[in-house]
Amino acid sequence: MALAQPLAPDRPGRYGRFGGQFVAPVLLPVLDRLEAAFEEAWIDRGFRMRLDGLLHDFVGRPTPLSEAVARLLPTAGARILLKRDDLTFNGGNYANSALGQCLLAGRMGLSCVVTDTGSGQNGIATAAVAAHLGMASIIYMGARDAARHPGAVKKMRAFGADLRIVQDADGTLHAATSAAVRHWMGSSDTTAYVAGAPIGAHPFPRIVGAFQAVIGSETRLQLIAAGLMPGAVVSAVGGGSSTVGIFSAFVTDPGIRLIAVEAGGSGEGQPHSARLASGRTGILHGAETFVLSDENGHILPAGSIASGLAYPGSPPELADLVAGGRVETVRIMDEQARDAVRRLASGEGILISLEAGHALAAAEALAQTLSPSQAVVVMVPAAGDKDLDIVWPES
Amino acid sequence: MAASICPYRSISRVDAMFDRLRAAGRRAFATYAVASDPSFEESLAELHGFVAAGIDLIELGYPFSDPILDGATIQKANRRGMAAGGNLARTLDLVAAFRETDGATPIVLMGYANPLAVMGYEAFAARAAASGVDGIIVADMPLREAGALLAALAMHGMVMIPLFAMTLEEKDVAPRPGVGGFLYCIPVVGPTGGPSATIETIGTAVACCRRSTTLPVMVGFGIKTPEAAAAVAAIADGVIVASALIDLVDAEAGPAAGVQRLSRYSRHIWAFRQAIDLAPAS
Amino acid sequence: MALAQPLAPDRPGRYGRFGGQFVAPVLLPVLDRLEAAFEEAWIDRGFRMRLDGLLHDFVGRPTPLSEAVARLLPTAGARILLKRDDLTFNGGNYANSALGQCLLAGRMGLSCVVTDTGSGQNGIATAAVAAHLGMASIIYMGARDAARHPGAVKKMRAFGADLRIVQDADGTLHAATSAAVRHWMGSSDTTAYVAGAPIGAHPFPRIVGAFQAVIGSETRLQLIAAGLMPGAVVSAVGGGSSTVGIFSAFVTDPGIRLIAVEAGGSGEGQPHSARLASGRTGILHGAETFVLSDENGHILPAGSIASGLAYPGSPPELADLVAGGRVETVRIMDEQARDAVRRLASGEGILISLEAGHALAAAEALAQTLSPSQAVVVMVPAAGDKDLDIVWPES
Amino acid sequence: MAASICPYRSISRVDAMFDRLRAAGRRAFATYAVASDPSFEESLAELHGFVAAGIDLIELGYPFSDPILDGATIQKANRRGMAAGGNLARTLDLVAAFRETDGATPIVLMGYANPLAVMGYEAFAARAAASGVDGIIVADMPLREAGALLAALAMHGMVMIPLFAMTLEEKDVAPRPGVGGFLYCIPVVGPTGGPSATIETIGTAVACCRRSTTLPVMVGFGIKTPEAAAAVAAIADGVIVASALIDLVDAEAGPAAGVQRLSRYSRHIWAFRQAIDLAPAS
């Protein structure tokens, strides 16, 4: 379980050649304080108990690992097991790290948090957790994403968040992240930045990875209880929080394939988000990692029907695992993901997000190549309520 | 192409500039522009115009899609530069073109890490040196992360200009090979174009800089008026004004392109220059 | 735990003087078969294991019992504990009985279910469960309710349900129930009626009560684990599924007050739904119970800002408990409920439904009269996503 | 009020009717209307009109807000009746008014349990008997639940007419005090106004009824044409046509109120009557 243990990479804050702290120098002392505070909290029994208690009572963990029955698939193949983080809380799995980071901020004496959100999930989770802990929250969201997810906008405001819509650039997560980091730079003495994903400068990948590792450890225990050794664990990569969270528990099992699914977008020549498979090594939002950028180093617009996957960067830990061959990548197109969401809803009565639909589509294809005695675990980070209008525009 | 045209290289135009100014009892005045904003040709004319109007050192931004540490003014300038085809390579071409007629004015690049990483630090350093670049400021590359770039710069006789914040620890400001030119003292936190620091804060920041470096200290971020510039000039070795100058030029009514824009720039630069030169030496 | 045990009332299907089987005689054999099938299934270990397994894996039970911290309340008072069925599944607690009834239908060889829905919760739960079990579902919903809950409409269709909008009468749950029962009458040989609440003819109150009793038994265990003996359990009554579900475990503890909260509507002279406190004994939808009806026996339109509470009938078991003085009733107005939802969202980061908001408002008032050493349990049947536009029309 | 006006009470108008028809070798023809649809006065005229047109027995619906077992046609009639102020009490007034000039035609009420429960079974039975009601059909009150009502009816010399479905068990059809008049045989499942059963199914249902009762058997629900009525008349003691007659009257173009509506009704009743009377006796 790579991330549940203290990190010991070659250079501090590095996963192989990825990671680092590519930030304005003014932020370095802030990052150093955060790192120290986190490492101290992480080994503090009281902190961990409070975290676990709230993960249980407030977030609704543990989440089930449930079987998608065979009806789903036209032809036989491996069993498909869904890790049901759609059954937590409002924000899906984002609540895990929002909770951890907000608790940490409180411990550090900060009374306000700022974050960014793509499809609204991280924003909702952060707004709710902040409200629960009596902190103020400021959330940046791209204008295009906000237009696609009016319910999420309403929900963040319901939780008392100061929601700020970003008109910049492509109006997606990328612009929102830039705006949130800018905000934080100017107010880091009172305000903690809540990373939605294990991306950004060290120690964010470390911190988010640690808080999300609960997904992996739950899944591992559930598999052991069920007497199952899965052939593969499949997860779609947006910011990578759920992917890193679930993979963490299986990295050291060479027999289990780890498959990172990337958004292929709408078609040839259209924007996609496959930076692990076809990005360049670059530096974005504080870390060296695989980045969607052109030959001049400009960041390319990331595209996907799933807002949460349209991000041009990637978690440095995942970049390292891909570079080292431990994690495979698969690309799933918009339509395939949508189909998978529709089929699971009507065939199984489970409404998953489009992000999870990417993972499911990849898992179905994989399962076809395996025997019915094998099992594939699919990470479901969140419920599909937010995507109803996109998946079923006609009804 | 640019590299072969460039006739000669000054090892330290920046040092020479500070020597010259110190001898004359003057403080340095630097400004910032984004390369190819609004076009390669106009950008070139603008750089020469800066020098003619009294600028000592030019910070030349290489356009980047995601200038995360910049405020709205410079974000827009980056977008215009990109729209005109600007990028790191074209910025080097621009410096080379500038060097055809100006071999003395120091030019330091300013921008973000990703274009450098994508070009490769060594390739970048070689091409930049050949184009006549003197140094580089990388907004999102603190010295902790700059090892490879510093080595490449040093190899090609260039320097990285370090960004200084008062809260930095010793280990993050310690001198090292490849670092030089001057210390970029930022007395505020937050992105460019934001609020200004008080002169007391700036004084404290500069004093703090002096304790940790023997390099000249220039102050930037948030200096918005000739009066503010004069106050800073009284305590530092130089003043950097970027967003405020662009905003002043853009705030004047009516279309302003080419020569007309340049003459507005000159007028404002002249006002700052006068104020800086009248400031008592520290 | 009144309902977890086989029912032994004075007359079959009676709770005191309430209950019975007021249906077209043609349905009697259908009800008799259903009763026999249920009683057989209920003592069948295999059936119960399958039910419990799906409650865990598919519905996401158990749900936490979590504390609403003191910040919520302007002045001190008893602790408020929320039973968080908003953390299950799509449909909130309705999934408990939808699951049980669909499993039962399958066991009886039926391949289709029909039901009615008010705010969409029972419909969503039934549609999802039916899809999961490979059954067809037909859902009736009042036109006014459907207009208020477009997301719910979309979700039921996503699960493959045949959704039928009822223009009749007041266009709320009452009309939908009538339409669903009419449909069932004509197709009871292939189709099971899924009761959303422990209302209707015997054995529906018995069956739904038994399947919902899991809420109460979980809560009781959680209170025991926490070493708490609550002063009161508070629940808002719509169809009564969550109320009967949570009360069932406490009926025999005379020290614990049971408080049924009814919707007072928008104000004096406007429609309300307080049939327990001010209804007449009457006969509606198959059972003798407290009914909102005029002196001529016409059913009165029920009103509430919370669609799920606007129903003119009541569970016969609850009618009996109210008539016998075991359960107290409280009336909460639309605005009080809305305020409670808003305060909990911004103060605690928990978004509950307007139905639950009624219970919370009543619990807050009660808590003010108790000491901080006491605790009040509030039933939260579902999340408030469905009510965002109603509670926050402005944002 | 109605009670005191009513001059006398026949103990068994229904039995008398069947005796008379049987003696004449004829089958009974009943129809259904909702009281006060569209108004008290028109309703009264309509009841007399039915008798004049050849109806033997009238089922009079007392308006109810929630006629759960009825299809669209009768739901609408209930709404119109309610809109005109109709309810159980007014329906009893209507019967009393009818009885002022018609002491012979049997009238059975038909409706739902709630208005009876709210009025109270004993109060209802007393008032209904005084108004000249002969019996009652309660759509949602099977005999299992009818104990209190049956006792009250029996006390006041009225009967409940039981609804019969083929799938009912012995215990649900066993004769008991307070039950009488005839057996209402429903050969289809589902609400009123729905699809029709085949004549074979109806035959089976009637045969089934005969085995469990000595009462006359009338068939209702889903009989839509004179031809169907004739076929049923050939095997049962009587035919009930409700939704179909209302639909036929309403389907004719042009406004139809009062006398005009009544004459349409008469025409259609006459057609059914002819068909029924021509059917061979079973």
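Labels A, B, C and D are assigned to the chains in the order they are written; within every chain, residues are numbered from 1.
Rule of thumb we're sticking to: a contact is a pair of C-beta atoms (placed from the backbone, for glycine too) under 8 Å apart; a residue touches a chain by one contact, two chains touch by 3 or more.
Heads up on the chains, UniProt names are B, D = Tryptophan synthase alpha chain.
These numbers come from a predicted model, not from an experiment.
Under the contact definition, chain A and chain C share no contacting chain. Ranked by how far their CA centres sit from the centre of chain A, the chains are topped by D.
We define each chain's centre as the mean of its Cα atoms; on that basis chain A and chain B are separated by 38 Å. Measuring from the averaged C-alpha position of chain B to that of chain D gives a distance of 98 Å. Taking each chain's centre as the average of its CA atoms, chain B and chain C sit 68 Å apart.
On chain D, the positions that touch chain C within their shared complex are 63-66, 68-69, 71, 75, 82, 87-89, 112-119, 139-145, 162-165, 167-169, 172, 186, 189-191, 194. Put simply, chain A touches chain B in their complex at residues 20-26, 28-29, 32, 168-169, 174, 178, 181-182, 185-189, 280-286, 288, 291, 293, 295-299. Chain A contributes residues 56-58, 60, 63-67, 69, 71, 84, 87-90, 127-134, 151, 153-155, 157-160, 342, 345-351, 383-385, 388-389, 391-392, 395 to its touches with chain C in the complex.
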